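First subunit A sits with subunit B, and in the next complex the same chain sits with subunit C.
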Partner chain A sequence: MTSLPPDMPSSATGLPHYKLRLFITGSTPRSTRAIENLRKICEENLDGRYELEVIDVYDRPETTRELQIVATPTLVKVLPEPLRRIIGDLSDELKVLAGLDLAPRQSQQG
Partner chain B sequence: MTDPVSAQDQGTSKVPSLQKTPTGIGGLDALTFGGLPEGRPTLMCGAAGCGKTLFGVTFLVKGIEEYGEPGVFMSFEERQEELATNVASLGFDLDGLVERKKLVVDYVRLERGEIEQAGDYDLEGLFVRLGHAIDTIGAKRVVLDTVEALFAGLEDSATLRSELRRLFAFLKTKGVTAIVTAERGEGQLTRYGIEEYVSDCVILLDNRVIDQVTTRRLRVVKYRGSSHGTNEYPFLIDEQGITVLPITSAGLAHEVSSEVISSGVAGLDTMLGRHGYYRGSSVLVSGSAGTGKSTLAASFVDAACARGERSLFFAFEESPAQVTRNMASVGIDLQRHREAGLLKFEAARPSLYGFEMHLARMHRDIDTFNPSVIVVDPISAFRGPSVEVNATLLRLADICKSRGITALFTSLLSSGDSMNDSERNVSSLMDIWISLADVEANGERNRVLSLLKARGMNHSKQLREYRLTDQGIDMVPVYVGPDGVLTGTARVAQEAREREVEQTRQDAVAGRRRVLERRRLAVERQIAELQAELESEEAEVTRMGEQDDVQATNRDADRSVMSTLRGDM
Partner chain C sequence: MRADEDTGDKLPSREQLEERLREAEETLDAIRRGEVDAVVVHHPDGERIYTLESADRPYRVLVEHMQEGAVTLTSDGVILYCNRRFAALLGLTRESMIGRSVIPYLERADARVMTELLSGGADAGAGRAAEVTLHRTDGHAIPVTLSAVDLPFEADLPRIICIIATDLTHARQRSHELAATNEQLAAEMVERRSAEDRLAVALDAAGMGSWDIDLEQGSVTISRQAEVILGLAEAGSAARTPDSLLHPFLAHEQAEVKAAFDLAMTTGVLDFERRVRSPSEESARRWVHVIGRTYHRDGLPARLVGVVADVTERRLMETQLRQAQKMEAVGQLTGGIAHDFNNLLMVIGGSLDVLESSIPGENARAQRFFAAAKSGVERGASLNQQLLAFSRRQDLQAQPVCVDDLLRAFATLLSRALGETVSLELPQPAQRWYCRSDPHQLETAILNLAINARDAMPHGGRLTIMTALTTLTPREALAVDAEAGSYVVVRVRDSGTGMTPETAARIFDPFFTTKAMGKGTGLGLSQVYGFVRQSGGFVNVTSEMGQGTTIDLCLPYTDEVAAASPVTQAPTAAGDGRVLVVDDDINVREVSVAMLSALGYTTVEAGDAVEALGILAQRSDIHVIFSDVIMPGEINGLDLARYVRANYANVAVVLASGYTAQQRDDKGTPSDVELLRKPYSRAALAAALTRARAAQA
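Let's look at the complex of A and B:
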């Protein structure tokens, strides 16, 4: 299990704090790709206001049931609500941002 | 247990004969000769509402309860609470089994709106999840219901297909016997064609509606490495769970009994010539409405229960309470037999199921209750093609015969005395045929019983009138007059007429007797008179004789006096 240091919510900006879980299967290329893609997206879009937990389902199989994991890799957006699952290696950045409700902001930036 | 995957890899020559896992579902194990292929997935497909989920749950629950094999139910459609509620009526306590760590129910929620696909994925998460569930309780049985929900919940069907193929291989390596359910598709067995991944055993469930009557049927489409029944078999889902009925015609090899059991009506026993029916025979009681067919059946059941035998009464027109009440009104107390557990009613509307289904139900009820007599009241309630009705009854009669059960069937004749084809066909299956008829004459109806046939019995050929009294059926002594058999008031009138004639004759005799008596008296009187006359004459004569004597004496005396006087000496 890899855990990135959670930053404290920056209430000053008024932007929501993100709580994310990424479920992967060991060190398969797909898992590795997913972690890399997610880190990049988070740093670019959620700087300092996210908490990411990477869970290897081989190590913690019981978590699959708790969080309704079927496909891997799966990124679960626990907070802010609503809960959402993004499956795949997260190579499609636009879809990931849409799933994290970050797409409109990005389009504003664009 | 053999590892089926490695066994397959080694080639067929060394493979031991296929191991089977009994499902615990009555009938299914019989027609698959032992159950599902052990350690392999079985595909169970059918349209919505066919009972796929229930098959799965039953497979697991029976596995736990009867074979000590824990199970995993992975549900893609229903939550554990819903599932538990749905099967609670069958007496399955899913929550209890889960608590005892014998069962894992995992509800896999796939909400398309909640899932965004962003790149390649696999179903390793599902494998881990399933594998974990299997390992936690040491499961031997797995049900995936309905795995095709993945297609609805996830995009990229190409990935899904290859992952499904991997899933079935995964199940095999886990060595679990699995049931994978799938929806029936157009032109193929399943909607997404997953039958191509499951090649060992495929079972098709069907729910057909013919003439607004639903019949559930099951067919083993494929069973690699094993023989299996190939027909469509009806199955039942009711409060007792699932019952599949591998019905085969028993043939005519059953043993016969020469033991005779009472029909419950003394007069009828006498008519049969052997004081009742042969045990194990099939009795048909036909008659028009209100002729007392049910009463005759109830008498039979009453007699059987009184002997301590178990009786099963299939009522297709009346509720058990109604039958019991009606029979009480003719003095047949069925309630005490019900309370004693000797009599069991199975009531259902004939239109509730198809023939097969009824037969299936009856077959199962006979199996569970193990009666020595049964009553089907009435068989005419089954409407439909006569071939089908006939086949159904033939099988029922065979089931009864093969178990030595005496069966009494009642049949409502459609109109008058005429028989239609199906009735004639049915009658040929029966050993004894009792006809109850309403004879209409002189403005009234009377009930007449006759024996149309009784195989192996020298039965009475007479028509007999009977009455439904408050002590049951009463056979009235037969009246055969110069004009044939008379019944009802005709019989009474005839009897009255005869009494009258007799009376008249008796009166005439008495009259003659009185006249004779008078004459005798007259003659006697005459005789007395004559006698008296004679006597008086005799007296006269006597008196005259006496006078003569006196005179003679006197004359003698005179003469001696005179001779003395003359001096004749």
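Let's look at the complex of A and C:
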């Protein structure tokens, strides 16, 4: 599990602060790719205003219950509301940005 | 699927419902397209993760690459999975192992251990470990450590036990090698210690001590024997420094000793002889020989190791030997000179005798000159006598002599020679010892020593002469170049100025004198030395500046008692008869002939023994043969004398020689042959002829 500390409060820029959780399964290729993709997206779009927790469901299976995780990898946007889940390896950046409310949703089918 | 989120107070909005639908569709899509690795199934008793596709591939790769064997077993020991390494440990293929029990692959005794490992006991779930031995198909036994853990599964599924097997073969081998190396080291240490013991015994036997300077630590290890030799106090546990090894050496030589040690660091070799202070006697000095070698580490001197030996005795013997060799060489030279010198004196003296008797009437002036010339010849002869004494070529009349009787007999003469300022003491000896010696020469020797002592005491003092008996062991005798046995010691001690060691070493050298020019001949002590050596004895000199000098004359002891027979000198008598004069030196022969003629004899001359024998064979009118002892040719004077005594009963023999002692070989001189010492006076010649003829009659 990796946790990136919050940089500064959202009030400083007026932009919302993000709290994200990424559920993965050990070091499988998709899990690895999901971590890489998310880091890139966060650095480019959420610089300094996000908190990311990476959870290995092998290690902590009980954590899946609260957020209703059915498959991995799954990214959960806890804050800002509304809570949203994005499933897959996060390689479709536009779809991820849409899910995070950072860009208009293009296609519901992905 | 979204049951939990539906617990809100109000009904979800249309947007929310749309959003949920979209999410559900996306999830299904992702699963359908294979974009997920695992599915989480929520069970009432916990979540289960079901991985899809090859989600566990990285773990498999890891497990397959491990150098440990990995195996999963059912609780009764059936192999469910094993990695390649585990199969390789047993020398089998995985296919032949999976589905079989693991027990037969173990040593029989280890079956129980495995069973316990599988059962897990009370603390199932915790890690457990045990050491067992695996049986390879080729018969090899492989020691392994098994470390087991239960795979957590639900209660209704069979238990699976995961085991990691670590091959201990190398570790065991290493520890065996280590043990063997340790054993070898221990054996080497024992061997080394016994070698050191043997070395210590050898060094002890050789009278040597060993030392070892650790230059890096600045510490010194030194054997007890070396401490004794160097006169160092026993250090015990106190640490010695390299500098402390310098202390025993004489203060003014310590710098040179240190320099020798320093030089050894460069040359690698240490070898010197120096004096150390004797621990027992502050004034005494002992010589030590130090030999060592430098050992280097990384090109730098690390250790200086060596031995030390006391060589005082050896150096003393070497000195004595050198002295003896020198005296022998000088003696030979002196003897040669004295022999020729005697012949010259013989010619001069004899000629003077003849000339004197041929000058008619009373010529006072001529008589005076003759007397002066003859006195010169006598002085020359006396000097020559001392030279011969030194070169041990005088004619010794050895007989048993009681030194104390002799001393008391000429004490008056001695006292007069010493003068009024020097007192003479003759302590009474414990016993009257006899030695074999020539009493006249012994008197001369003691007189020479007394005069020397007197000159060493210019402001007066005391001269003590005493006798004692000493016995020499073979070793002691070797040191003084004499025979082992008993010796009568004639000790002459003065309270004079003493001598430096340099002077003491040369006092017996002919013509060596410390007296003012013209005061001494430098032959007095040479006579003493030569006489004692010729008598089979030896001389010891002890002297120290300001402490006086002691000279010991050691003469062979004898238990024969003197048959004292004073030699009476016969008066000069006119002779008659025919004398055959044999001498290779024509000058000497002429003088002899002239002297014999003056004494009333008629003469016949021969140049050597062969010619003399020829004359004897032809003529029967020869009464006396007067021959030189040393002559060229095969027959010398002694041989001639023996031959004549054996074959011509009525012919008397008189022999003359510059030095005769040398010729007194084992065959000896016939008892009835007269010996005449050159140079001889006309009177001595007349007496000898008279005695020889009397013995003949």
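Definition applied: the second predicted complex is superposed on the first by the 102 of 110 C-alpha atoms of A that agree within 3 Å, B and C clash if a C-alpha of one lies under 4 Å from a C-alpha of the other, contacts with A are read in each partner's own complex, and residues count from 1 in each chain.
To be clear about the criterion, a residue touches a chain if its C-beta (ideal position, glycine included) is under 8 Å from a C-beta of that chain, and two chains touch if they have at least 3 such contacts.
Please read all numbers here as calculations on a predicted model, not as lab measurements.
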item: Which of subunit B and subunit C A:A98 touches, first, second, both or neither; value: first
item: Partner chain in contact with A:S27 - subunit B first, subunit C second, else both or neither; value: second
item: Which superposed partner A:G48 touches (first subunit B, second subunit C, both, neither); value: neither
item: Subunit B versus subunit C as contact partner of A:P73, first or second or both or neither; value: both
item: Partner chain in contact with A:V57 - subunit B first, subunit C second, else both or neither; value: both
item: Common ground on subunit A, meaning residues reached by subunit C in one complex and by subunit B in the other; value: 25, 30, 57-58, 61-62, 64-65, 68-74, 82, 84-89
item: For the subunit C and subunit A complex, residues of the former touching the latter; value: 1-2, 4-5, 16, 19, 22-23, 25-27, 29-31, 35-40, 42, 46-49, 51, 55-59
item: Complex contact set, residues of subunit B against subunit A; value: 106, 108-110, 114-126, 128-129, 131-133, 150, 153-154
item: Interfacial residue positions of subunit A with respect to subunit C in the complex; value: 24-31, 57-58, 61-62, 64-65, 68-74, 82, 84-89, 108-110
item: Subunit A residues within the subunit B interface of the complex; value: 23, 25, 30, 33-34, 37, 57-58, 61-62, 64-65, 68-74, 82-93, 95-96, 98-99
